[in-house]
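Heads up, there are several structures right after this.
There are two complexes below, and they share chain A, which is joined by chain B in the first and by chain C in the second.
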Partner chain A sequence: MNITELFAIAPIISITIVSLIVLLVEALVKRSEGLSYWISVVGLVVTAYFAIATLPLIGTAFNRMVTVGGFGSMFATLFSIAALLTIILSKDYLQKEHANFTEFYLLILFSTLGMMLMASAADLIVIFLGLELMSICLYVLAGFLRKKVLANEASLKYFLLGAFATGFLLYGIALLYGASGTTNISFIVQNSSTLSASPFFWIGLGLLLIGFAFKVGAVPFHMWVPDVYQGSPTTVSGFMATGAKAAAFAAFVLIFLHPQSENSEQVKTVLAVISAASMIVGNIIAISQSNIKRMLAYSSIAHAGYMLAGLAAGNQLGKTGILFYLVTYTFMNIGAFGILSLLEREEDKNLTFDDYAGLGFKRPFLAALMAIFMFSLAGIPPFAGFFGKYYVFVAAINANLTWLAILGVLMSVVSVYYYLRLTVLMYFKEGDMQIEGIISKTSLAVLTIAALIIIQLGVYPSSILNIINNLN
Partner chain B sequence: MHEYISYIVLLPFIGFLINGIFGKKFSEKFSGIIGSSAVGITFAIAVMIFFEMLKLPVEERSHIVTIFSWIAAGSLSINAAYQVDQLSILMTLIVTGVGFLIHVYSIGYMHGDKGFWRFFAYLNLFIFMMLNLVLADNFLLMFLGWEGVGLCSYLLIGFWHDKKFDTGGYKTGEATTSDAAKKAFVVNRIGDFGFLIAMFLIFNLFGTLAFEDVFSRASAIIPIGDTTMFWITLLLFLGATGKSAQIPLFVWLPDAMAGPTPVSALIHAATMVTAGVYMVARCSVLYALAPASMEIVAIVGIATAFFAATMGLVQNDIKKILAYSTISQLGYMFLGLGVGAFAAGIFHVMTHAFFKALLFLGAGAVIHAMHDEQDIQKMGGLKSKMPATYKTFFIAALAIAGIPPLSGFFSKDEILWKAFSDGSVVYFIIGWITAGLTAFYMFRLVSLTFEGKERWSHDKHPHEAPKVMTVPLIILAVLSVVGGFVGIPHALGGGNAIEQWLEPIFKRANLHLATGHHSGLTTEYLLMILSVFVGVAGIYFARKLYLQNPELVERLTTSFRNIHKLLWNKYFVDEIYDATVVTPIVKGSDKLLWKGFDVGIIDGIVNGSAKLTAWISSWMRKIQFGAVQNYAMVFVLGIIIILGILILK
Partner chain C sequence: MLVDYIPVGIMIVFGVAFGLFMMKASEWFGPKNPNEIKQSIYESGMEPIRSARERMSIKYYMVAMLFIIFDIEVVFMYPWAVNFRQLGMFGLIEMFIFVAILMAGFVYVWKKGALKWD
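Up next is the complex of A and B:
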């Protein structure tokens, strides 16, 4: 270990220190939530700064355990921003729910650390470490509103199934180790042609894939998603749908879109099947939801399906498409969950479609933001969601998966129904939503910025594409 | 300096955002200042760029400023890029300069309107779109501007959307300004359709939409008289006839007068309606390769000039007269383009912008003073009440009538001369008669409005407009007088600076154009004298008839009853369109397409598949029964399937 290596993983170090400071503050200071909030906000900004600063680096560090710069740093930036938005939006929400405790910020920070480890792993063990750190924090966060029955249910279900999935993941790593004698990702990927003679390699790879598929919420490992998203604090649902999903996709890309390998036909088939199933199940069940949080949960399953199409394609465009998709998806989904969290009232009020009727007249600005997020999620230009879908589908076509692209477009059409249903209700129906209390300016500002970024990326996608294409 | 072009485009947009988002809370004054200064600063930057270009040698004056790569999809790659050259900077100066004056004027004109901020937001948006149109370096960005100005035009015509509006009788029942806005929009769609198809053809032929690439390739590889080029240019021209109100799509412009008067001045006289002229001039190379299209442009231009002028003879609505006059003058511009005198066409765009904006703003001042009265039969004698308006209006009328040395004389004369020398005698004769008609109806308007007896009831107290309105009038009047000096022809000892300035733009087109048989100087002088003569004659007869012999007007009207009726009803074009196009389409869509095809078949399929999906959805959600053991079971099933695929291959 030397100083250069430490600098190379500056974002990870930075977020670790911030987490530890918050931990100490929690232990030493009474009523520490205000202070922890600010430490977290500043710490995440600093972390994002380091993440951007380390973007140009190349190579690995710590005996080829982590990669530095490039891919990992881009994801570190994304995770820091996602955590930052979540924390800012959560403050109001937690106060409203009488649950503004320091632990919340601490858990978000630690899970962000886990995500960063996953995205910059060069070794399966690091992926596992990151995944567990992230997941355990999220199990707790899911049940953070501990007086609610739904929250307890969410937490427990998430934990049980998460542990179940982790078992398979770990077993997969063990089998891969058994087949190859190492846990180094590059080594395994480079020697996959010789290793593929052994059935253990295939089982190991399959179990690894299943572990990640569980985390991204892909069908048939998606059953937890609606229940967990519904029961979790709304802002945490947003964080799970974006940060955690992005981290799992980062791991997916690290192994299944490794630059030195090409996926075998059967892996491609498996990914394509999972992708298709996720798009179909997610979109079609979303139609009959009346609770918006559940609708967004199913929609996030569908979005995982779209991104998996890029993964199944297995080409450079697919990789670009997934990364672009994740960036845009982070902003639009945190935005949508953020608005839900602002309007939500105790005992899960204001969460159904009918509650949103007439919002366009009462809260024109909020409604306009929501409409932007919905249009973007539906993939309607000029919003960023359009280009994300466009790139992954084109990647699928280039990889001879035209049927998957066609299915994706058809399912996008289906999705327009439930996204626009909300917009239609907001603007064309009278309603009687009770929104007493003020909505904080900070939250509004954060949501506005998210909406502006979505528009900017939709009008001018090259701004972020250039960064993605130059990653090493 | 040219790098600053992006600010030119951006500033009006920022103005639009500020007024559009926060305008409701602003005072009138603040909204007005924001809106006007956004355009004023833009104008100042444009002037600086212009002077820098003047200093540069000719071959270094044209630049392409790429802002960002806009669309990249397969072989289609389009930049959001602006082309700063002699033509676009001239258009920018006109748009922002005249635009700025009209913004300032509007502060006075719109005073007290509850949509004041909205008005300025729209005006700024319009300027933004118009600048995109004239500065674009490719067809797609131009089309964005093209559609954008159409949208602004629509929004502004219907600005007072519930206000009653007189259709002139072709439509029964009550009409509001929204109907006029809709008409403008729909008619323009037909033209836009042509533009779009032309754009597809261009992309198909050249694989690019950037002007520079298209024009250089066209110039190099397309033979003169190529069929595809004929269709491209003809379809583009169809777009131009929509936007620039030419036969057959001119019908929307008179109705567009339902909008606030500054809008008529800015959009429907000085800038937007000249977009078609600009577009044809920009594509001059393509037209040069399609002589048949040029012929059509010239014929449509001269025919529009003539017919619109005759319709203007008998109208009584002050703004409608000016609207027909605009259509007629645009016809002149297209005549110029059609005979290959591109520079002369653009020159007329410029002078016309000055005097026509002035006429409209003057008309606005009158309407304002007369409490929204627009019928010139109910005016008269306003000269003494509104001296500044009268004087400036008079100057503008002289300019449009082609009296030397005012600006209109030089530009119109240049077009007529080129029509004669490069076109045909017929063009000249019809153009010449139209010039006489123009002088006549303009001075009919001046006489009936400002001079003679007062024909208004005395509960009205007309008064001069406030300074904020008269100062723009005076500036425009000065421009209407001196604006033509940049184009004094060689025959009169001038240098025709504007033609020289624009020469590099049209160089490529001129290579393909056969301009040969130059008539002598004597002919040029003769034609000049003829056109001054017809202008003076028109003025003389108008004043004679309307100031001294009003009874004679009555008698003439009765003895030429049929012609008067024909002109009064604008050749029944609206009625003909209504009977042949609008009604069949409306009825056909209603009965057959909507109730039959749409409701029966399309809706049937759509609703059917939606119902099916909803049914599947409600069935599928039942899988989500909530018990975690079952979730795990599905999970295990998944594992078995996936491992099965992987191992069994």
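Up next is the complex of A and C:
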């Protein structure tokens, strides 16, 4: 080990130190919420800076345990930004729910650390470590409003099912180790053609796929998503739908998507079927939801389906598409959940579609932001959501999965119904939403920035595409 | 290659079948004269007073959890101590970082009062 290796994992070290400082501040300082909020914000900005600074590096560090720079750093940047937005939006929300404790910031920071480890893993064990660190923090965060029955249900459900899915993942890793004699990802990928003679390799790969598909909420393993997203604090639902999902997709890409060695026909078919099922189930059930949080949960299942189409394609464009999609999806989904969290009132008020009727007249600016997020989620140009879908579906067509692309486009049309329903209600119907209390300027500013980024990425997608294509 | 596992498979099938058969056989062939004392939970010893499924104080869980965490810490120290000479300065610094991170958690637990019994 030398100093260059330490610099190479600077974002991970930085967020670890920030988390430990917040932990000690909570232990040693009385009424530490305000202080730890600022430490977290500054720490995440510093972490994002280190993540961007390490982007050009290549190679692995610490005896081929973590990859350095490139892919991992891009994701580290994304995770720090997602955590930053979540923390800033959460402050008002937590005060409103009388649950403003330092532990909230602490758990967000630790789960971000887990996500970064997952995205920069070069070894299956590191993926497992990161996944556990992320998941355990999210189990607690799901039940953070502990006096609510729904929050308790969400936490317990997520914990039991999540622990079960982790079991699958670990068995998968064990069997892959049995088949290949190593847990090194690049070795397994390079030798996959010789290893595929062994049945253990296939069983291991299948179990690994189940574990990740659970974490992204793809269809046969999606049952927990709506209940957990509904019961969790609203900003945490946004964080789960973006950060946790992006981390699971990063691990998915690390293992299953290698443009230079095409995926075998079996893996391709399995991924394509999971993708198709997620798109169909997510979009169709979302139509009948009356609670917006549940609607966004089902829509996040559908979005996982779109991204899995890029994974099934398995080519360079698919990889680019997934990464671009994840970046845009992070901003639009945290934005949508953020607006929900601003308008939500105690005892789950203001969460149904009908509550949003007439918002366009009362709060024109908030309604306009919500409309932008909804249009982008629906994939209507010029917003960034359109290009994400476009790249993923083109990748599917290039990989001879035309049926999947057609299905994806059809299902996007279905999704337009429920996204636009909210917009129509906001602008074309009278309503009597009660919004007493002020909405803080900071939250509004953050949401505005998210909306501007979505427009910027939609009008000028090559700004981020250049970065993605230059990753190694 | 799978052929090698056939004996194991036969062993599993035979084991399960034999176990089930013996359980059922004693039920089929054995004489049955139940009475109230035989049906009670403990035939000898104390009278059952109430349900065994009680709510335990959360303190027990806290102590158990903390015990496991610091127990595992010591487990990690053993291989390091055995290889101390080969690892040298690098290992020593690495171990200090590991313990420092754990100590941060320990300070948190302590200050939060998780170690107080009352």
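The working rule: the second predicted complex is superposed on the first by the 470 of 472 C-alpha atoms of A that agree within 3 Å, B and C clash if a C-alpha of one lies under 4 Å from a C-alpha of the other, contacts with A are read in each partner's own complex, and residues count from 1 in each chain.
We take it that contacts are C-beta pairs under 8 Å (C-beta built on N, C-alpha and C of every residue); 3 or more make two chains touch, one makes a residue touch a chain.
Just so it is clear, the model here is predicted, and its values are computed rather than measured.
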| item | value |
| --- | --- |
| Partner chain in contact with A:Val149 - chain B first, chain C second, else both or neither | neither |
| First (chain B), second (chain C), both or neither touched by A:Leu161 | first |
| Which superposed partner A:Phe221 touches (first chain B, second chain C, both, neither) | first |
| First, second, both or neither for A:Ile438, with chain B first and chain C second | neither |
| Partner chain in contact with A:Ile3 - chain B first, chain C second, else both or neither | neither |
| Touching partner for A:Leu209 - first (chain B), second (chain C), both, neither | first |
| Touching partner for A:Leu28 - first (chain B), second (chain C), both, neither | second |
| Partner chain(s) touched by A:Ser462 [first = chain B, second = chain C, both, neither] | first |
| Touched partner set for A:Gln266, first chain B, second chain C, both or neither | first |
| Footprint overlap on chain A, where chain B in one structure and chain C in the other make contact | 199 |
| Chain A partner contacts - residues on chain C that touch it in the complex | 1-2, 90, 101, 104-105, 107-108, 110-112 |
| Interface residues, chain A side, partner chain B - complex | 156-157, 160-161, 164-165, 168, 199, 202-203, 205-207, 209-210, 213-214, 219-221, 223-224, 226-227, 265-267, 269-270, 273-274, 281, 284-289, 414, 417, 460, 462-463 |
| Chain A-touching residues of chain B, taken from the complex the two chains share | 68-70, 72, 610, 613-614, 616-618, 620-621, 624, 626, 628, 630-632, 634-635, 637-639, 641-643, 645-647, 649 |
| Chain A - residues contacting chain C, complex | 1, 16, 20, 23-24, 26-28, 198-199 |
